[in-house]
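Shared chain: chain A. Partners: chain B in the first complex, chain C in the second.
This part shows the complex of A and B:
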């Protein structure tokens, strides 16, 4: 009756990514909201206009001076070894670079693989200038992207919070904020969106989305109303039980379906 | 200077280790896991223990304690679970998670070794 999660179409974040991983492709997977870089079928880097890049995480985050980063790009960018240069020149530890890079990779991949983000193209042979840091499997990227979507909805199932300007609300008596939440809310001026706050703080965008959803669930930031119905794709109104019909509907069920349709006309 | 995989491998050489994970507690993501096997899904353990850490951080804020968590020990009937928060120079919240077999582990030694691994990670 219910398809297993491993094979159901919903569990596939990007069929094209799976196919490219299977054929051990090297190049750049371009989508509307970002790009995934593959090397022999493994994900080596990801970028998204929504997610702060590793440069922002390292410099705005306070780990590296901006000119130290720029020097590394100037020296090693052309030969695509910026990551290795940062470590070899003693600017950052190997473990730390890996952790920061993985954080940026999964963050950008989450947005790049957002559902319904237009056509997908693949440019064979393209490599990113950061160079090899720590490749991860396409399956791990898919799994983590799916986990993140589910986590957001578990915390507070109102996606409108993710893209609206963050407007703080006064805490109720006895409610307290963590240090990280306070840092986030100090930048919430009713104009900045969660992604803009992430850029300003030098933190991954998903982390900020998650924190904002938690704050919204606690009533500490406004939850904007869902977009009006006319802004969504037109969908016929059907009774809720229609979603529960099995893969092999029987005649009785079809009759109920017809009756319900007639009743709703 | 160790990379994350080497650090995790070293963690699993600790006497009695069942599995280890390096976890980003802002997102609940396991940045790397070693060991575990079918009896213990370390990815699930990583996400779940994130809530443990967050609850403790929140409690300390509520109590007005101006201090930091060094480690958290959870003692089960047959296992120890150790959570060691990494005091990074960067502002990403990370912890090392180590599951130990209670029969075989030396707790004091394990805590000491985990601390050393943290230092080697240089985060």
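This part shows the complex of A and C:
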């Protein structure tokens, strides 16, 4: 398994990400399953419709009241400093924010960089409203994404469990569940997928996938049969957030327009 | 309210500290590292220590012990989240490894790892300091 992953063309997670990091680009890297935000070539944030965002992680467990989060976005969102505002206003510790933010960043990046997720575009100059928290190198994001893929397959090489509704199976005599597994399985109602459970728990989606694969390996969750390769949906439908991103004005274009208008006056 | 780097900096100020890291034990990701790594590679060390931390955090032998010690009348909200184990100490011929779990109020699985020289390090001091730093790391 190790040998094939090291030599396959897939071992480069995203050649475009590497190139953008080399040219120290700033902007948003848009893919079908998520967005990576770069600042001078370093990854400052990532979002994916699969992965719960930092707002969900912080508010679901009760760390931040929902309105406290909303106030931070209202007050500091426009100047793209929500992260710093949360710390400066005493709503959250600096370390806690960094831990939570890094967790959300690597989690969303894992899904955003999923293989075969369609065309990749880059919008120069776009910044995220969370602002700088703890930028990481693109190489670190690539390496971690690759490691996570291998980790899932080492635990239980059946990717069908990642997207199917989680169906618990009764524990064998002598088998026990951990507290975190119990919390996860209590939400497994035969409808929720691992990602839906992650949102409900306020826990990173990859962590939930990994836990579900561990549970499946232990026989505590059903492993659905793998679909034959040609039966998989060829292209996923475009997620709704693409509309939101493209509605965002292109700052560089607006500046050029303003300069041109001013010059003609 | 120190961030990750300030926290690692303070850990490395302990006498005999050789290396330190903040690691997520579910995924094995190092969120931050400082100093040397016993493997020469902080990422590898993080995945190894994460396996150890996960075992300690999840095996019923340790979890049940902590649940029994708690008075049943007080199932406080905070305690329902954090791992039942406070720290782990591994003694090798040349050093100590202290793994200190960090309790956050959101759902996380993070610990501090300190690699301490056996001759120049002070294990009791390091344990206390890691406890303080783990608490301060998440303080608003």
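Heads up, the rule we're going with is that the second predicted complex is superposed on the first by the 218 of 265 C-alpha atoms of A that agree within 3 Å, B and C clash if a C-alpha of one lies under 4 Å from a C-alpha of the other, contacts with A are read in each partner's own complex, and residues count from 1 in each chain.
Methods note: a contact is a pair of C-beta atoms (placed from the backbone, for glycine too) under 8 Å apart; a residue touches a chain by one contact, two chains touch by 3 or more.
Predicted model, so just to flag it, every value in this text is computed and none were measured.
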item	value
Superposed partners chain B and chain C on chain A - clash or fit	clash
Contacts of A:91 with chain B and chain C, given as first, second, both or neither	second
First (chain B), second (chain C), both or neither touched by A:115	neither
Contacts of A:125 with chain B and chain C, given as first, second, both or neither	neither
On chain A, the residue positions that both chain B and chain C contact, one per complex	57-58, 61-63, 87, 93-96, 98-100, 102-103, 106, 134, 143-144, 147-148, 151, 176, 178-180, 202-204, 206-207, 210-211
Residue ranges of chain A in contact with chain C within the complex	57-58, 60-63, 87, 90-96, 98-100, 102-103, 106, 134, 143-144, 147-148, 151, 176, 178-180, 201-204, 206-207, 210-211
Residue ranges of chain A in contact with chain B within the complex	57-58, 61-63, 87, 93-96, 98-100, 102-103, 106, 134, 143-144, 147-148, 151, 176-180, 202-204, 206-207, 210-211
Residue numbers on chain B that touch chain A, as the complex places them	1-5, 7, 22, 24, 26-29, 31, 43, 47, 57-58, 61-62, 88-94, 120-123
Of all residues in chain C, those that touch chain A in their complex	1-4, 6-7, 22, 24, 26-29, 31-32, 43, 47, 57-58, 60, 63, 77, 81, 102, 104-110, 136-140
